[in-house]
Amino acid sequence: MATTLTSRQAAIDPTAQPAIELVDVHKWYGEFHVLRDINLSVQRGERIVVCGPSGSGKSTMIRCINRLEEHQKGRIIVDGTELTNDLKRIDEVRREVGMVFQHFNLFPHLTILENCTLAPIWVKKMPKREAEEVAMKYLTRVKIPEQANKFPGQLSGGQQQRVAIARSLCMSPKIMLFDEPTSALDPEMVKEVLDTMVSLADEGMTMICVTHEMGFARQVADRVIFMDYGQIVEMNTPDAFFKNPQHERTRLFLSQILH
Amino acid sequence: QATLNSVKQKGYLTCGSNTGLAGFGVPDAQGTWTGLDVEYCRAISAAIFDDPTKVRFIPLAAKDRFTALQSGEVDVLVRNSTATMSRDTQLGLDFPAINYFDGQGFMVRKKLGVSSAKELNGASICTQQGTTTELNLADYFRANNMKYEVVAFATSDETFKAYDSGRCDAFTTDASGLYSERLRASAPDDHIVLPEIISKEPLGPATRHGDDQWTDIVRWTHNAMLNAEELGVAKANVDQMKTSDNPEIKRLLGSEGKYGEAIGLTNDWAYRIIKHVGNYGESFERNVGEGSKLKIKRGQNALWTKNGLQYGIPIR
Amino acid sequence: MSTAIDTSRFVQHNQIEALPPPNLARGPIAWVRENLFSSPLNGLLTIFVFYLLYVIVPPIIDFLFINAVWTGTDRDACRAETAGHRIGACWAFVIDKINYFTYGSYTISERWRVNIFFLMLAVGVTWLLWLRAPRRDLGALYFFWLFPTFSYVLLTGGNMDLGGGFWVGFVVVSALFIGAFAAMAYLLKVSVKSGAAIGAGIIAVIGITLALMDFDFGLDHVPTSLWGGVLVTLLVATVGIVFSLPFGILLALGRRSKLPIVQLASVIFIEFVRGVPLITVLIMANTMLPLFLPAEMTVDRLARPLIGVAFFASAYMAEVVRGGLQAMPKGQYEGAMSLGLNYPQMMVFIILPQALRIVIPGIVNTFIGLFKDTSLVSIVGIFDLIRTIEASRIDPNWAAPTISYTGYAFAAFFYFVFCFGMSRYSLGVERRLAAGQNR
Amino acid sequence: MQTIVSQTSPPKKSVLYDPKVRGAFYQVLLVLTVGYLFYMAASNAVENLQRAKIASGFGFLNNTAGFDVSQTLITFSAAGSTYGDAFIVGLLNTLVVSAIGIVLATILGFTVGIARLSKNWMVAKVSMVYVEVLRNIPLLLQLLFWYIAVLGPLPQPRDSIGFGAGVFLNSRGLFMPRPLYASDAWVIGTALILGIVGTIVFRRWARKQQEQTGQQYPVGIITLALVVGLPFVSWLVLALVGTNPISFDMPQKGTFNLRGGMQILPEFVALLVGLVTYTAAFIAEVVRAGILAVSKGQTEAAGSLGLRPGQTLRLVVVPQAMRVIIPPLTSQYLNLTKNSSLAVAIGYPDLVQVFMGTVLNQTGQAIEVVVITMGVYLTISLVTSFVMNIYNRRVAIVER
Amino acid sequence: MATTLTSRQAAIDPTAQPAIELVDVHKWYGEFHVLRDINLSVQRGERIVVCGPSGSGKSTMIRCINRLEEHQKGRIIVDGTELTNDLKRIDEVRREVGMVFQHFNLFPHLTILENCTLAPIWVKKMPKREAEEVAMKYLTRVKIPEQANKFPGQLSGGQQQRVAIARSLCMSPKIMLFDEPTSALDPEMVKEVLDTMVSLADEGMTMICVTHEMGFARQVADRVIFMDYGQIVEMNTPDAFFKNPQHERTRLFLSQILH
């Protein structure tokens, strides 16, 4: 919360290889053209907020980035690896990219701790002891170490979402993707989760976040992207984006969302 | 291929037996089998191993028996099977001996007052499906221009049970079977076996076609038992008889000639059989004859010398 | 209490205490009126049902208990002429034959082995079904590997006598197999060591199983033709369960596979088996299996229906498991994938544990069906409980009018206890699962 | 919206990691394994058959059967009929017992299922006990029980129980007069057809009337009058005129048994009773679940619109419950049909007993017989589920 | 919306026979005393809003009015007919009383039109053609005539609730009961339904509505009733009720609901 925009900008080195790069990406669901010519390059340490009306393809875009969906045209390069059909590479990419879902998708049959250690143990082949230490570290980070031995069903929505974030962090991803992480929560719980995300952002994690929490966008985003009809309609710094939207569509959208 | 070798190697003999036919092949509560048929198996075992107990019995339903033999699951089938030409030639079997000359008959309740099969016009008759019995029955009634209602069951147990509970007027199977099943009726004395025999049912052990040595062993086991009876050699006196001067007895008990070795056994093979099992007459009396519960007369199964059909082929 | 009918403004100042309901709603009389005679039609129905019960129940009680014969050594005890009174169930018959009903003709001196088998089965079932039992993963290992192997050794006597030649061959094949795994791992660029380890693991399991079966524990051989009764019934059911669960899961995964041929093969198998009666499958296994095998190979007569039952149960199990897989939300797959788990890891750690839990009631219901269906093996000549009863009831020693009914009543009781127990269990699990969802 | 595309090395494709390649590999493996198994089985079978000298091919269906069957719906005799005829006899017997069983099981099952939901405690509990007991005991055992329960108490033919009007009961079955139709029996048949056609026309007309005027007619009573009354009246008229259109072949006492008339075998009765009572327990559960699946809100909404309970049931609850009931009900019907094969245990000559039993044993042609028998059951199953799928698609409740 | 409170008061004739009358009504669920001594008289054309905490017996009370529940003590007289065990009378009463449920309870197997014509055809014996005309009239009223041939599953929640209202109206009831008709709806759909109800109220329909939409209460109610522990705690005109609640319990409740 202390970082200002200017100091942030300095922290990102635009000459380095970008963390994520989408070049001319197109995607269809059957006949339906959901993503149209998406071009986006995210630098390491950059924080991007994506917003836009429902059905505009926001989720689809970030799901393409860790290949929960396949794109049909164009190139997606994550951390220097291009996403193709090659299974091995997908596993590698997914290891580097954490994803937090709207509906958390915790594993209900495992305790919180087991949720967090499963992937480190089986994917990163970490010894169990070590994995648990790491997990407890991140659970403490998200302020719920005392819940470690409960089951997801016993936690509130906000707590569950924080577990989901901790679970992703346990894989020490280079990039975090958030798909409307707060929209399934009661208003009072939204704050807990946003706080966690802000503190993550402060540590310089590369992140792309689909959200309509404009306060969050203002506070942490380096760039805000507005999508509609599967296209990136506008992309700008939060300041410029909110104060002076360029596109007609963006203005309309912002007017609705900001009352 | 060579059944004898595999039997020797296994150390025991597998015999397909009836699932339970009193007097012919039936297990007691401890699983020990007794009966005229299964004693053939014991005799073979005695001939090979000098021990009548190296036998494993596999109870077979009528419909499974030949497949079991063909597939090699059993080494010999000792299960009151009728020898017929088609079975001999088309099923790949051999019937080396006939150990019981039988024919199909009928059993009815005394109460009905029927004394001949010819009076069965319009009766309902219980029989076992998939047997020659079922076919003979149809032929007999057709030939005599009589009507009947057939009720067929898969196993002999079920068939007899149905008859016993009054489902049918008559029960038909081989005459030997009739006597044996009658023992199991809730009131055995209420039933009589009708005099007519409507078919020829030569029953005997069966082997796989093509293994001549094995078939020979089975055939000569039977003949040895017949000859022993004819010569008066019995379980009790076989040791005395060993010293007999009668050349036939000498050949039989192996003190003269090498007949045993010719069929892949030791020369005292027949001695072993008689020592452990006895001659045909003894076996018959013990299991089905007047001395047993079945009380079947020797009849056709008497030796040829006593006007019967059992004729031991000479060993020489 | 002042009425407020005409006031449009009203404030209740004194709290009205909760009162007990008026009397007519309580007490046995009210209960009877409400539940049995709430309307003329209902009254009539009640009377009709009472009449029905009057007709049915007393004779049954009379038969099963009051006129039943409990002691005796042969038919005389159970015949009205000799016993001198009306005869109900002849339990003396069941008591006399109970060992036969339990073990069949299993060698008497060896029956302790069967008892241990029963005990091991009980342990395994409890371990698996008791949801809060400790280390249920070990339970699965026990139930699906150790228990079947030990049971085999115990019941048959083991000592398969495979011979040295076999073991030499086995070692050679194993080495090749492990090598193949390592080579595959090398080609797939995953750790060669872990590839070889997996291969070695599989070989070890097979090897240990075979070694146990081969080893001479000094137990006498008891041929399967002697087995019978409850032993066989439970054996058939157990084999069906042990085999059908893993195979059913494979089939279910196959049916949901994206690979068209795998899917087609699974669908054909499942639909074929579900489309024909079990009895035809058993007859087929009995008469056709020997035909399809090489001439020198024979399959044990007891094993044939076991194979038939196992395949049959698998198809039904597959459909139950598929239901569970379909009920899994897509998010669980995506959550697992986004953590970088691969397909087998995802299935083993995330999807199957949950899917199987959801379908426990379905699985138990399949077991109930399977357990009842084991009775059909008697039709193809296997001495299961029903068959031993059928065989005993024509024992002339016990020929008496009520023997058959007694035998069937005993069998019905046996099956009912097991099936009803299982169905209550599955109902309990179902309730708990439903409650868990509301959490 | 400018993005810089930095240079990344072109991806090296590793074929082994391509899911398509892997998929193809697994499938080829599967095909090879299954193919090999089939090949082995087939070649072994050929060899074994040759060795056992068992004929192959379907020619045996034209051979003379040589045995008799107790219940035949077509004329069948040991002398003239073939194995093919035996197959048809068995198939028809299976179909007959299944068809009648399905009808009766449906009636009993719906009754018990609805009774389980009855407000009458007694009725509900008794139905529950019925369902639990019947469901948890193997059908085979129940059939064996019914068979001796049916056979046991029945008297020998000489002591047949007579019910008058030519109906007798003994251990050979139930005997009834067989109707013989005289030449003018067609009048009654025509009356019946007229009655049915009339009912259809009347129902159409009543519906139209209702749509136009709102007037409702007692459809049930008029249907009954037309379908039952019309044939009865025509029979009465003919009988009064003097020509007797229907006479009966009465069962007569013979030496052993009753002769003539119509005979229903005890095996048939036992099988039918067993199948019906057993399947009804399952149908009852299906029905109960179906009715419970219609939420209470539906009944309340209908009630608050002023629909009477009967109307609520007919117009709101049943149409919705049926959607839930029909699919599992169909599989119960299939189960009943498949379970009828247990006839083999009590000697009712169904398809499995006659064909997979006697014919298989007489001819030894196991493969052909098994293939045909299974084919029949499979066809029934597949056709039924095909029809069901169409039905389901048609009635599925439309969702967003 | 034009009617003011004063003109409304004039429209109700307090001397006429009341539309609904509850006298000393008590009800138990088993041992549980849910309705305690309820006295209420609703005039023809009057509009009553019932509110109160969850479990206070609001639903139970209005369900007693069209006898979806039986009361055990006291008298309920609807439109001059006393509710007893007499089936025939219940049918008559129900014909006069329309009810709209929280969860709509549309018949999913019938089209919207069929939902609306079912009762007129079978209960009122109306010719089908006529029933359809009536139905279309009311569907137009609630502004969804174009959905007539769809199935309920194809409509949004707000639309479904409006169908439910139209369905009740097709029976031309004298009295309408609403049981939290908007609480199962998304916020944006609530307005649609409330608008429909307001326009109904404007036509002089007698109605009792359980709702927590205080805006609605203010706008249309003649009286507001507050229930707690199965009792009517307070009853007043909306103005007085909101501005100057008399009872401690009411004040507490209102403070929570109005933020």
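The letters A, B, C, D and E name the chains in turn, as written, and every chain counts its residues from 1.
To be clear about the criterion, contacts are C-beta pairs under 8 Å (C-beta built on N, C-alpha and C of every residue); 3 or more make two chains touch, one makes a residue touch a chain.
All figures in this text were calculated on a predicted structure; none of them were measured in a lab.
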Intersection of the contact lists for chain B and chain C: D
Identity of the chain that, by mean CA position, is farthest from chain A: B
Rotational angle, Cα trace of chain A fitted to chain E, multiple of 5°: 165
Most central chain, Cα average position: C
Whole-Å gap between the CA centroids of chain A and chain C: 47
Whole-Å gap between the CA centroids of chain B and chain E: 91
Geometric centre distance via CA averages, chain D-chain B, whole Å: 45
Per-residue overlap in chain E, given as positions that touch at least 2 other chains: none
Per-residue overlap in chain D, given as positions that touch at least 2 other chains: 14, 17, 48, 51, 148, 152, 344-345, 360, 366
Where chain B touches two or more other chains at once, by residue number: 63, 67, 70-71, 154, 158
Chains grouped in pairs wherever the two touch, ordered by label: A-C, A-D, B-C, B-D, C-D, C-E, D-E
List of chain C residues in touch with chain B within their complex: 100, 105-108, 223, 225-226, 286-287, 290-291, 293, 295-296, 298, 301, 379-381, 390-391, 393-396, 399-401
Chain E-facing residues of chain C, complex: 1, 3-13, 15-16, 18-22, 25
Residues on chain B engaged by chain C in the complex (per definition of touch): 19-20, 27, 29-31, 56-61, 63-64, 67-68, 70-73, 154-155, 157-158, 160-161, 164, 183-188
In the complex with chain C, residue positions of chain D that touch it: 14, 16-17, 23, 26-27, 30-31, 34, 40-41, 44-45, 47-49, 51, 118-123, 126, 132-133, 135-141, 144-145, 148-149, 152, 338-339, 341-342, 344-345, 352, 356, 360, 366-367, 370, 373-374, 377-378, 380-382
Footprint of chain A on chain C - complex, ascending: 189, 329, 331-332, 334-342, 345, 349-350, 353-354, 357, 436, 439
